[in-house]
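In the two assemblies presented below, subunit A is common to both, partnered first by subunit B and then by subunit C.
Right after this comes the complex of A and B.
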């Protein structure tokens, strides 16, 4: 875990007043949950597969619920009506979309962020008011930035 | 500043509870993984509040509460569980003061429940105080014994309060045990940081 910067210290004043539900306990969901709980968010992970929860590291401080988040009952159990932020991180776009929509439309969660595997789907998510994070797009952008920076430094050297 | 014990077999829930409670009430809660450890800790020290899960290994939460009460520990208890059935709660409520909070919960919900329990504790302490005073000053034989029982409960509810010691001193004095009465009076004075004396005790002191 990184040391606490001034920014993190400021965030620590969040004091667990901010309730976050994270759907999916995969590589991404797990790490996001870890980081948010470390900062001081009140975090609940919702995961279908009980064995995935055993991957939760020792210093994770938060809840874990076993269940299918695509079922309204599961989100209700996770107290989605009190939720400030919903994060969908499963590896399946339709599931993420469905969970995000239930969260936003039925439970009235204003802040919804979703992982989007297929970049073709990003537009659909955004049209529905869901903030979409596409690993493919992020990778492409990062590549592009790195390459451009490299070109700039080469161009700078030539001057 | 309150002393809290958190009993839960899930490490991450325990961790979250400790963090939330320490944030909300400026204290550093102690932790126990199972009911056995918790019972041992309750023998050694008194807590103002205990939070416990129902689903615990070996001894479950309800049994834990039963055993605590049998040992004369009447600390308010907050049951925190995802799976508690209405029957569980109803069964546990006989061992009050008890409240229930479903997992997961928000910081506000937790704070409200804890505040409620602490206030209940204060309220019941005052009720006991009045009852005990009544028994101490009645001249019916046997009432002193009743007063002593109530004072013992008061000790377990608020271990760091001087009031039960003042009351105990009164009782012992009435029985003619001056020596032990003095011990309790000194203990009361030692606990009485603000030297309030015994706030409701004017009638007792002048007796």
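Right after this comes the complex of A and C.
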């Protein structure tokens, strides 16, 4: 296992078991769940498709619930009322938006982060109090940074 | 003021027709190519082929805040998302949407989105039928093998017992009317209750009186 970062060390010192619900067991949801559970968070994955859950590695230390997170009964089973952080990672923006707001407004979850596929939707998510993560925007920013750093180093060499 | 109808299959067609005859300009957004082709031929409306949850598609309509947006897609989450988009982007005040899962009503309400609870509407129509059935079943379960029978009787329009109070009927001993199903209500009858045509009577009687009961209420 990789060594803990400073933030993780801090969390471990507090000794509070942060409870995280992750909606969607796709590539991103699965990886985030694995990492958070390894760090020591209490993690529950909610996924509609049972076959997607079978992809979870054996050393995943969290829980998994089969069901549609857009239905109240599913989030109740996941104990959303005790949740510290909800992460929506499905590939459908309306689903992520809907689940995020049910979590925030109905179950009172204070921290909600969502994946946003279509970057033009980022504004709507953020306006509604959801932290939006857009893979497209992240890629663009990373490219930009890399290119600018490259340009700087070329410019520096020429001096 | 424009009417923007997003999603749906046959309902938008008839909705659009009504709005058009009232003189409103109707915009119709749908992902179904064939449906769009058909509607652009048969309706005097602006038909836009595209996904209503995309801003580029919505921007083509130049929606204004006083327009009415009607959402008829199959999924609550999609209707909710589009409702929020038009509220945020164009400050639309009046959004009406189909709502399948009525437990979501609170969330829609929170954002001032009007809902049409289809599932509830259908249930409200079916519930009296279920209720009647449940009452009879419960009574049957309770009374089976105890010498008592439950009977269900429909009161015809020309029935002898219609328009009479229970008192006037002089129901024979060993037979009681346990309940009357009238339209969507279940009545517990009293002596002065008047039996109406189209009522359904639920009778409880001694087993040996069931023939007598049938005779009495059907003759």
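By our rule, the second predicted complex is superposed on the first by the 144 of 159 C-alpha atoms of A that agree within 3 Å, B and C clash if a C-alpha of one lies under 4 Å from a C-alpha of the other, contacts with A are read in each partner's own complex, and residues count from 1 in each chain.
Just so we're on the same page, a contact is a pair of C-beta atoms (placed from the backbone, for glycine too) under 8 Å apart; a residue touches a chain by one contact, two chains touch by 3 or more.
None of these values were measured; they are calculated from a predicted model.
Chemist: Once the shared chain is lined up, is A:98 touching subunit B (first), subunit C (second), both, or neither of them?
Modeler: In the superposition, A:98 contacts subunit C only.
Chemist: Which partner does A:90 contact after superposing on A: first (subunit B), second (subunit C), both, neither?
Modeler: In the superposition, A:90 contacts neither subunit B nor subunit C.
Chemist: Answer with first, second, both or neither: which of subunit B and subunit C does A:82 touch in the superposed model?
Modeler: It touches subunit B, and subunit C stays clear.
Chemist: Just to be sure I read the superposition right, which of the two partners does A:120 touch: subunit B = first, subunit C = second, or both, or neither?
Modeler: Second partner only.
Chemist: Should A:128 be classified as contacting the first partner (subunit B), the second (subunit C), both, or neither?
Modeler: Second partner only.
Chemist: If we overlay the two complexes on their shared chain A, which of subunit B and subunit C does A:59 touch? Say first, second, both or neither.
Modeler: A:59 contacts subunit B only, not subunit C.
Chemist: Does subunit B (first) or subunit C (second) touch A:106, or do both, or does neither?
Modeler: second
Chemist: Find the residues of subunit A that appear in the contact set with subunit B and again in the contact set with subunit C.
Modeler: none
Chemist: Considering only the defined contacts, which subunit A positions touch subunit B in the complex?
Modeler: Residues of subunit A touching subunit B: 15-17, 19, 37, 40, 42, 44, 56, 58-65, 77-79, 82.
Chemist: Would you mind writing out the residues of subunit C in touch with subunit A in their complex?
Modeler: For subunit C paired with subunit A, touching residues are 53-55, 75-78, 80-82, 84-85, 88, 101, 103-104, 106-107, 110.
Chemist: Which of the residues in subunit A come into contact with subunit C in the complex?
Modeler: 70-72, 92-95, 97-99, 101-102, 105-106, 118, 120, 123-124, 127-128
Chemist: Can you check the complex and tell me which residues of subunit B touch subunit A?
Modeler: 10-13, 15-16, 19-20, 23-24, 82, 102-109
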